[in-house]
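The two complexes that follow have subunit A in common; it is paired with subunit B in the first and with subunit C in the second.
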Partner chain A sequence: MSNLADIILNETRQIIENKAEVCPEITVESEFLVDLPMDSLDLATLIVTLELTTGIDPFRDGFKTFHSIAELIALYEGAAV
Partner chain B sequence: MKHIMVTGGSRGLGLGIVIHLLNQGYKVSTCSRNKTTAVDDLVNNNEHVKWFQCEVGNAEQTATFVKSACEWAEVPLWGLINNAGIAKEGVLATFPNVESDALLQVNLNGALYFAREVLRVFLRQNTAGRIINISSIIGSRGYTGLAAYSASKAGLDGLTRALARENGRRNITVNSIAPGYLDTEMSSTLSDKKRDQIIRRTPMHRLGTVADITPAISFLLSDEAAFITGQTLTIDGGITN
Partner chain C sequence: MFVIDELFSLIEPDLQCSGIDFTPSSSCEGRAFIELSGTDNTSNSPLVSKMIQAMLDAQQADIPVIFNRTNQDIDGSNLPTGFAIGLLTSGTTGQPKLVFHRLSKLMPKNANNPEKVASRWLLCYHPMSFAGLQVILQAIVSKDTLIADVDANLQCKAELAIKHNVNAISATPSMMRALLMSWHTKSPPLAVITLGGEIADQHTLDTIKLQCPKAKVRHIYATTEAGVIFSVKDGLAGFPRTWLKQEFNGLQLTATHTLQLNRLNESIDTGDCITLSGDRVLFTGREDSLVNVGGVKVNLETLEQKIIALVGITDARVYAKANPITGALICVELCADDQQIAKEALKELAEQLEPAARPRIITFSEQISLSATGKKQRLIQ
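The block that comes next holds the complex of A and B.
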């Protein structure tokens, strides 16, 4: 798994655990707002944190749709090249 | 100690807010396009305040200011006062589009860019927070010759209500304060006739002062105001009654 994928998985887990929630098993197929105990502000927190840790902002030029962890990883890997 | 950010703190209401918040024990960062001697005096005599040059309405400069101010403060950011604003008068039929674009860019987009950056800080900090937008009674009442200004302030109140809903679950409150006519540089262009008319129509029989507004700011920033959000507080000596 790529470094970016690791970072995204770890940050996601961290945000869930910070809410004092038991983190369910996270796979790349997990959908943020469906399978994980996350709301839209948690997702915003994740994006803001990722921008800070990776220096990458895939949303600079506008909205891009994603639902699952795999889709978000693809966005970051696409923006990193 | 808590850090509060005030836009447009070089004179008028913004400067009054900065001084008031310093007296209340806050650490205050502020910005404007130009430095004034009043700001210079303040900064030279108080280590808890810092001025930055920043053009409100410019997204990049906003992000840079918020980052630099947070690094300077070294304590968590607690609040944003979106105060910077401009007013230009003229009937819309002959009001140049470039002028209304510029006004909306500062008064509405400028406040929105600031709110965005500050909300990102609140999320990163994982803390509650406060946003106070300085609106105007003109936003709800309208005024001949102030169509763009009125639209910008009505937009600001809409922003307040939406952000209050969006961020309430993080204990972040968002409110507007809508002053009536204040005795600042912005209102200095009022003709004597208009000024007298406003004073006659105001139950308190005077224009507002900066000191009439600042106590409401510190109240909305306080823990006592934790359940007040999405509101527009009118402070106008009763003129819109």
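The block that comes next holds the complex of A and C.
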């Protein structure tokens, strides 16, 4: 698994645990708003945290849809090239 | 007209001028204006000395002088006639603009007060900002001593204040909090503290009183359009409610959700949000500090005041970071002696806030990042 994927999985887990929620098993197929106890503010936190830690902002030119962890990883890997 | 009295002294790095001989030079004859760049500070020719010399030269030649703080391209085609001082605006709401001021508008009103004691001023602001230039002129007119080190950060300025026994200071509340943190073991003998440019909250005023008990503290309310409106000297945040019926500089104050300044046919909306609390009118933040977090409006400054008042937190900067999901996200930069205590206190506060207002990104720093004008940056793209 790529370094970026590791970071995304770790930060997602961190955000869920900070809410004092029990973190379910996260896989790349997990969908943020369906399978994980996350809301839109948590997603925004994840995006901002990722920008701060990786320096990558795949949304610079506007919003792009994503639902699952795998889709988000693809966006970051695409923007990092 | 201003002249430099021999009692005025200026202390800059590698330069100590007492009884300065600033003689106007005639080298400016035939020139349309004088321009000095804010990045032109060198140890053998420090900036404040050069600014004073430039003002004297421009006054002598009766031409404008431009203090170009951020070294921008200047359009020389639309200059005022005669002596005027050009300064760049802070640029908080866009690109900095060049605005010319007549000397009479900049000159302090309270000079030559016979009861005044000799002051040693620390220059906290950039000398090419409106507030910075006022401190320079105040020191010149009152024949005081001015200690300036343009490139020093606030921690170094705090040390300079102790080294030179500074007893007068003009700063934003954010600058003042940073200085107080540096002075936790020893403070300079401050007698006069003037706050301006941001909200002076009760917590900051109380901390100043505790750490500098002998200082006379006042906080000034001024706007870009109308200049200084009033100054508050009772050590309490905001201003007395009875002032809403009074006139200041020909302006009648009225309260809606923001403070309004009215004269005959004109009403200026200051954009400063206020709330009435007992016999006080309190400032709660700029109207443009209101950000939209996923459809919920959050006032960054109101939230920041709550955070600064928490136990263990010495200063904070609440800002909004843009993101594609909720538009803005609330973030906070904190100064604290014990990060664990600060985190706990913030967590407790966050539980009482609506989810959109909870700071999501929390960072710690030794000193809050401030803009060139000593204010906190609020919106990050």
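The definition used in the following text is that the second predicted complex is superposed on the first by the 81 of 81 C-alpha atoms of A that agree within 3 Å, B and C clash if a C-alpha of one lies under 4 Å from a C-alpha of the other, contacts with A are read in each partner's own complex, and residues count from 1 in each chain.
The definition used in the following text is that a residue touches a chain if its C-beta (ideal position, glycine included) is under 8 Å from a C-beta of that chain, and two chains touch if they have at least 3 such contacts.
Predicted model only: the values in this text are computed from it and were never measured.
**Q** Touch check for A:48: first (subunit B), second (subunit C), both, or neither?
**A** Both partners, subunit B and subunit C.
**Q** Using the touch criterion from the header, give the chain among subunit B and subunit C with more contacted residues in subunit A.
**A** Touching more of subunit A: C.
**Q** Looking at the overlay, what does A:59 touch: subunit B (first), subunit C (second), both, or neither?
**A** second
**Q** Do subunit B and subunit C touch any of the same residues on subunit A, and if so, which?
**A** Shared contact residues on subunit A (touching subunit B in one complex, subunit C in the other): 39, 41, 44-45, 48-49, 52.
**Q** Once bound in the complex, which stretches of subunit C touch subunit A?
**A** Answer in residue numbers: 293-294, 321, 323-326, 329, 331, 355-356, 358, 360-361.
**Q** Can you list the subunit A residues touching subunit B in their complex?
**A** Residues in contact with subunit B: 18, 39, 41, 44-45, 48-49, 52.
**Q** Hey, which residues of subunit B end up touching subunit A in the complex?
**A** Residues of subunit B touching subunit A: 119-120, 123-124, 126, 166-167, 169-170.
**Q** Residue numbers of subunit A touching subunit C in their complex, please.
**A** Within the complex, subunit A contacts subunit C at residues 39-41, 43-45, 47-49, 52, 59, 62-64.
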